[in-house]
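The block underneath contains the structure these notes are about, expressed in structure tokens.
First chain written, first letter: the chains are A, B and C, and each begins at residue 1.
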Amino acid sequence: MSGAAAHARLTGVTRVYAGPTHVHALGPLDLDVARGEFLAVVGPSGCGKSTLLDVLAGLAAPSSGEAWFEDRRIAGTVPDGIGVVFQEDASFPWLTVADNVAFGLRRAGLDGAEIRRRVEDALGFMGLGEFARAYPAQLSGGMRQRVCIARTLVLAPRFILLDEPFGALDQQTRLLMGDELLRLWRRTGATVLLITHALDEAAMLADRVGVMSARPGRFIAFVPTGWPRDRDSRVVSAPEFGALTAQLWSHLRPESLRAMGQARA
Amino acid sequence: MSEPARQARDALAILAVLTVAWQGAYEYAGAVAVTPPLGTVAFAAHLLGSARFWEHAAATGLALADAFAIAAVLGVLGGLALGLWRYAADVTEPVLAALYAVPKITLYPVILLLFGLGLPAKVAFGVIHGVIPVTLLTLSAVRGIRPVLLRTARVLRLTPRETMRHVLAPAVLAEIVTGLRLCFSLTLLGVLIGEMFASQRGLGFLIINGINNHDVRMTTAVVLLVVVAAVLANALLLATDRTLHRG
Amino acid sequence: MSRRRAVLGGRIALIAGAVAALEMLCRSGIVDPLTLLPPSGMAAAMVAVIASGSVTGDILRTFTTVAVAFGLAVAFGIAVGALLHAAPRLRRALDPLLASYYAVPLFVFYPLLVALFGLNVVPLIVLGFASATVAMAMSTLTGLDRTPRVLLKAARVHRLGRLRTALLVVLPAASPDLLTGVKLALAYAFIGIIAGEFILSGSGLGYQIAYAYDSFDNRTMYGLMLFVLLIATAANAALHAWEQRVRRRRSGR
């Protein structure tokens, strides 16, 4: 039984893009994500971080190896209980904020009162209450990303995957959104996997940071952060924070240099 | 397979499918409705050697050249002016779009009443077909210029003239060529329709006259020649268009 | 808001001014009022011709023909657009055809269509359909091309099937461009069919205008002309307003 201990697990996963160029994008790699853990994954650009997330979410099939979630093999479809937040704005521009958040609940066939209650709760939690009837285009990028997070949150996923969700936002908004994410993680008790290219973001938010090599991406180190569960963005002023990011960078620097060389070649 | 070779093969495949469909139409309806591809090409070649055909072609060509020149100049100048004056553009754009959607053929009797039968009416009719799209595309090209380009021009302290020559013109040229391509096609359409109704000269007249005299061979051959000429002219403008859009 | 009002006011002033200028031109005798009826005369003639009932059959016939050609063109155009989007190889192969389609004055085929199908409604429907459907297909392609991939990923995360993805995500995402296509298709079908009736047919609004011209019946001619222009403009304006509302919601203005 491959997935017994971990909430989600990858064993010997590779991803190869066939075709004339034949790009070996990922792996082989193994990964165990513990139930309730907040795991961040950092790596140089092009190392296959997003591919890793797609495999775990069931959006892409591995070329070899296996992906498991809650003791079931992930194959072809997104398993029940998984929520995904993307870097790009994935809000539906033709729906109001409230209808965006209700989208998944309506598909699940819940009754109207229950939908309304859960949508209101999610909107309130994400600070979107007064924008319920606005359209996404009327909101800032940060607020739109909140809509996407609320749309995921409202379905009560047990495993939340985030693919550079704050990559398009400014630094201050990112810090505040990080706090939101920690709050959400504590309240739901969900397992969280955050893909990011920002070392400080990974160091500030996660219980554990996985560092990936240049393409084809493999894990070269796992760095535990040691933060208490009840934390927020103010940890950036803790003395350990500097040491932590420095440690991550010492792992990552040679890989980033290699990645730049690959890009030039 | 190389890209040009692939394109050539695809174009030949399309041509083959169209020819088969044409032959099918002939088999279905017989020679009273349409002449078959091979016979039509032979007759078209014969037409190309006859002086009378060239008189009609010259009549169409002259009207087309006049109408295209007038529509292009009016459209580009009008589009530039409107594009630089935002308010006027906002006011007129939907009006122009609505005029584009109107069946302009209903206006042809008015044009005949105003200009009389003959070349001026055909030219005017061609112009009202062709002028709107080139105006609209020029307008949107001017409005679509990224403001940072104009700010760069100011930082480089270009004179208005230099700005026009080195920034504005290159930025809108590609879209204007797209507009001119549409303008050409629609002007041609306008001129031909004009010739079909109340005219004794031109290719449009030959097409409609062939039907009225049960000379289907003439109609089919002239339609073929018009289509080939239109596609060739379009290919030429399209090649320019795509080169400019790439650059 | 006030800017939108200023633009709208300017537009009304422009149209009213043009109509008033035409009226003056005719009434002052600068243009012979027999050659060009003043707008007020056209409106009166339109009301009279419509009220007389002599063209009711032609109006119905033209509108039915347009409706059939337009409906077929939209359905076929969306289907072809979706097919070409799903089959990029076929799409690349058909590129030269699509690029030169509207360069060909399609109307020159109309006399041949009459020879093929006879002097009835079929060649008109074929002409209207052929004029409209490719515009619909190309607008569909634009809409599908512009649908962000991340929305399709979001659909998969919500575990929507193919049909639901198409209906709940792709269709609304592409709807502004689809509306543009619908607007063009209606205009092109109407233009093609009126022109066909005008040049070669035995009934319909276009035919009645040409007939009135040939029999020097200027009042009927101008009345029907105004009617056709008003109907075309009203349909276009309604679709344009709908399209703008959808687009404005997307752009947040």
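Criterion: contacts are C-beta pairs under 8 Å (C-beta built on N, C-alpha and C of every residue); 3 or more make two chains touch, one makes a residue touch a chain.
Computed from a predicted model, the values in this text were never measured in an experiment.
The remaining chains, with subunit C left out and nothing else moved, group by touch as A | B.
Distance from per-chain Cα centroids to the pooled protein Cα centroid is smallest for C. In this assembly, the chain whose C-alpha centre lies farthest from subunit C is A.
With centres defined as mean CA coordinates, subunit C is found 48 Å away from subunit A. One simple way to say how far apart two chains are is to compare their mean CA positions; for subunit B and subunit C this gives 19 Å.
Between subunit A and subunit B, the centres computed from C-alpha atoms are 53 Å apart. For subunit C in complex with subunit A, the residues that touch the partner chain are 148, 150-151, 153-154, 156-160, 164, 169, 172-173, 175, 246, 249-252.
Contacts from subunit A toward subunit C in the complex involve residues 57, 59, 77-78, 80, 82-84, 86, 88-90, 92-95, 103-104, 107, 135-139. Subunit B contributes residues 7, 10-11, 13-14, 25, 28-29, 32-34, 87-88, 90-92, 94-95, 97-98, 100-110, 112-114, 181-182, 184-185, 188-189, 192-193, 196-197, 204, 207-208, 210-211, 216, 219-220, 223, 226-227, 230-231, 233-235, 238 to its touches with subunit C in the complex. Taken in their complex, subunit C has these residues touching subunit B: 6-7, 10-11, 14-15, 35-36, 92-97, 99-100, 102-105, 107-109, 111-112, 114-116, 183, 186-187, 190-191, 194-195, 198-200, 206, 209-210, 213, 221, 224-225, 228-229, 232-233, 235-237, 240.
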